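In what comes next, chain A is part of two complexes: it sits with chain B in the first one and with chain C in the second one.
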Partner chain A sequence: MLEGKLEQASLFKKIVDAVKELVQDCNFDCSDSGIALQAMDTSHVSLVSLLLNADGFSEYRCDRNIALGLNLTSLTKILRCGNNEDMLTLEAQENPDSLTVRFENTQQDRMSEYALKLMDIDQEHLGIPETEYAATITLPSAEFQRICRDMSAISESITIECTKAGVKFSCEGDIGNGSVTLKPSASADHPEAATKIELSEPVSLTLSTKYLLNFCKATGLSPSVSLKLADENPILVEYPLASGHLRFYLAPKLDE
Partner chain B sequence: MSLYQFLIAVRQQDGQQLMNESGETTSHLMGMFYRTLRIVDNGIKPVYVFDGHPPRMKNGELAKRYVRREEAVKQMEDAKETGDAEKLDKFTRRTVRVTREQNEEAKKLLKLMGIPYVDAPCEAEAQCAALAKAGKVFAAASEDMDTLCFSTPVLLRHLTFSEQRKMPITEVELLKSLEGLELSMPQFVDLCILLGCDYLEPIKGVGPATALKLIKEHKNLEGVIAHIKANPESRFKIPEVWPFEDARDLFLNPEIQDTETLDLKWEEPDVPGLVEYLVKDKGFNEERVLAGAARLKKNLKTAQQGRLDGFFKVVGTSSSTPSAKRKAADNAKGDKGKKAKGKKK
Partner chain C sequence: MEQNISENRQKQIKQTYQSRRKRPPLVPLINSSPLLRSSTLASSPPPHPSSSPIPRKIQKKTQAYLSLTRKPHRTTCSQCAMSYDTLSADDRKLHSKFHARAVSGVDILLPPTFKAISKVAVSTYTATLYKMTAQHLSSSRAVRVAIDAALRICNAELSAPDEGVEDFLSRASSSSNESAVYICVSPRSLTSAQAIIGLAVVDRISSGHFMSCDTGRLIPGPPIRLILGISRIYTAHTARGLGVAQHILNAVCESAVYGMQVPRNLVGWSQPSESGCQLAKKWCSESMTASEVSEDREKDADGTEKKIRVYIER
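Right after this comes the complex of A and B.
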């Protein structure tokens, strides 16, 4: 049986909100080390990979590995029944038919419990090869979201170009073009507001604005985000969690 | 295939085909032009494949189609006499034939649009499958299930159906279908021959379920035939002349152009050429042709969205652990799916 308790329901809500933009149904793989999820969108262009380590839960136990097949739209409906500050408990029996979701408010005088029916999902697992990334850019997640949002009004794709001097986001559309350049900056008081660039060689990738914008739904999960790039390889957009991570991979657009 | 559709479907309200001032039919060009634009707008780079000469074994099927057309011509004449407009329209549509000139016109149009095309030496489906197998294209788009027998890795159906029909595009993966049917590729081809293809008469009384059972039991067509012959009282009758080996050979070793020598290139559309041809010769609206050419140019420039499949490899599957009850229900569903897959056309 599985039992996992999170101090704040908002964490799980935000994760599900970010993932449901890309996939409708997926398996949550639960083991004694934590809860993991890996899924591709229907057009096989992007992949989301979530890891919630057991020590990120205030209480966690999972006796046997189980895969919980969930419809994320339905899960969202259930999660809306709880407040952000509520304590959230996920519970499933051996060979479960449903997942039990329990909310307890901070005063501990209100407890609500919902059961969500499970689905049978056969999901392919992809092996992600170790990639030597040419560039790793760490920047405030809100900044990344703003760039994607601004550029989505202009073009269907964004080109990310990284050199020693800085990182340049640019786009070109019917109405015109635009670019944003960020230089490495350090801030002693707010380390999460810093922009850092680790670079072994200059790199440039062109990516779909629509997908990047979907990834940005995870902005609330972490103050900073890291982008890892290698030529002609999928970009890795990673939001670190207190104990775990939410990663998105996106295949680049290729010139013929 | 497509040209037939256009000549049949692209018509004015009075049921007449579209024509230019000098009375030449333009339905096929109209259809070709706008369908290609729609494909390109959706980020797909198409390659058209034209049929070559039909294989000898298709003569029977073609003769049948000829007879049907002749019948339709007769019925059309009848309808004309009785003045039944609805019937007249119906049978006129059945008498349609694509002429060699119309084929050439379509190719000329594609060339001006900068869209590559391939002349298949024989069956176009076989060439499509070969292109997909060689990785020159992602998938073969056809309504004809034969394409799977020519072993295309991916078949797309309903790709160009009207959006109003709300018909989802079906993607059939050959490997997964074989896995689901638990058949090898030669067995799958045998199964399809048993169910009836363009080259051979089907065996009466053999539906998808029986055919699958027969092939599984007797491994291949030789086995199935031996079984039927050994049981004269069985309800199945094999036609006297039934050269299934030849049909099998057509599927497994089709006559195709070597894909390595084919250079598929999407080029800038020749705008003045398009205007000259479509507007001056064929009486198209100039504004629309120019707008179409602009769309072609724009989409040619945009980079192609890559897929993750090339980078990440499948290492396993995770299945949610269903309870016994749900598992039973799921199995029942799975069986149905298999049957549907086995069905041809």
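Right after this comes the complex of A and C.
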């Protein structure tokens, strides 16, 4: 049996909102260590990997491993039935045919319960090889979202160049071009507003703006985001969670 | 002198724009990353060539994709039998378009001036049959486009030469064989438009031969007299097993020759497929009047003919 209680439904809502842009149906793999999700988009250009550790839940119990095959559009409809501040409980039996979603308000005088039918999804486990990244950039997630949003108006590709001097986001489109350069900065009062760069060698990747914008739907989950880059390798965009992470991998665009 | 300078200047400008218009060729990717797979998918369609000059050449890049699954990317649709690459957005789009047309039929908007030849009950609705001659096809572009799409799907399913309406029209104009396309159209509903659920291409012919259904070979003998030849006959997947093809054939016999009901034993078939042979046998055996029974007919135990009449299409 699975029973996971989250203090605020908003966390799960935001996660599902961020993932549903890339994947329609996927398995939530529940085990005693937490809930994990791994899925590629239909074009196999990007991959999303979620880990919600058991200690991130106020109460968590999973007696045996269960794969919950869910349609994320349907799950969103159910999640909209609860308020962001409500307590959210996910419940499933051993061989479940549905997932029970329960909302309790803060005064604990209103409780609503919904059952979402599960799907049989034939999903292969994807082994992600370990990669040595040449650069790791940590920046405010809102800043990253703004850069992607601004550049999406100009081009369908963004080039991220990381050097010792800083990180440069640039784009070139039919109407013109643009660039944003961020230099490493530190703020003692607001560490989440800092831009940090760890670099072993200069690196440059060109990426699809459309996918990066989809990743930015996770901005509300974390004040900072880290971008890990290696030449001719997929970029890793990671939003750290209180207990776990939401990672996106995106294959780059390469020279012909 | 001034004229020469002006000509040189124009030549220079022309050369500059020509070099800017030249784009790098599409080449497969070679990459070293184990996470990535080489791809020939274009990152985006090339900009539409326009008369206005392209201000600046943008270096074209190709989208790589992740190689983390062992599942094959190519798949064959069990319903429409189309093979396509599941990773290619273009392929997926092409498949969904073909699939919808092959399974549910090609949408058609018929002008009110087109008169139906008959109406038949198919499943829970009433379908309408139309005879389309070269005149009809020349008069309405929308009809021509829809029938062309239906003909091409029919050809693809029958593994026949990919001939569309233009080929049909040129054949009809070059000879006096009075070819016609018969279509069976489902009614318009709240959720769907009118669609071509069945189609037959019919030729006027004069003679043919018998073919053995068992061996698929022509039976030696003198040519037999035939009036109509079924060049193609096809039913959309969702309308199969509902008698659509037989309704079309009945309509063909009634309306192909003005003022005459063509007997079924004067209808021949062009290179019938296995299912075509079954249809021909069943249709010829059903409701055959005594006058249509000829001496040369042999029957199986179940009452269907062992041989069918075929003709060689020109």
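By definition in this document, the second predicted complex is superposed on the first by the 256 of 256 C-alpha atoms of A that agree within 3 Å, B and C clash if a C-alpha of one lies under 4 Å from a C-alpha of the other, contacts with A are read in each partner's own complex, and residues count from 1 in each chain.
Keep this in mind: contacts are C-beta pairs under 8 Å (C-beta built on N, C-alpha and C of every residue); 3 or more make two chains touch, one makes a residue touch a chain.
Fair warning: this is a prediction, and the values are worked out from it, not measured in the lab.
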Using the superposition on chain A, decide if chain B and chain C clash or fit. clash
Give the label of whichever partner, chain B or chain C, reaches more residues of chain A. B
Who does A:G173 touch here: chain B (first), chain C (second), both, or neither? second
For A:P234 in the superposed arrangement: first (chain B), second (chain C), both or neither? both
Name the contact category of A:A67: first (chain B only), second (chain C only), both, or neither. first
Quick one: classify A:L47 as touching chain B (first), chain C (second), both or neither. both
Output check: A:N27 vs chain B and chain C. Expected answer is one of first, second, both, neither. What do you get? first
Segment of chain C intruding into chain B (one of 5-13, 113-121, 167-175 or 185-193): 167-175
Could you give the residue numbers on chain A that contact chain B in one complex and chain C in the other? 40, 43-47, 124, 126-129, 156-157, 174, 206, 208, 233-234, 249, 251-256
Given the complex, residues on chain B that touch chain A span 266, 298, 302-324, 326-327, 330
Contact residues on chain A for chain B in the complex? 27, 29, 40, 43-47, 66-69, 95-97, 118-129, 156-157, 174, 206, 208, 233-234, 249, 251-256
Per the touch rule above, chain A residues touching chain C in the complex are 40, 42-47, 124, 126-129, 131, 156-157, 172-174, 206, 208, 232-234, 249, 251-256
Interfacial residue positions of chain C with respect to chain A in the complex: 24-27, 29, 31-37, 43-44, 47, 55, 58-71, 86-87, 89, 92
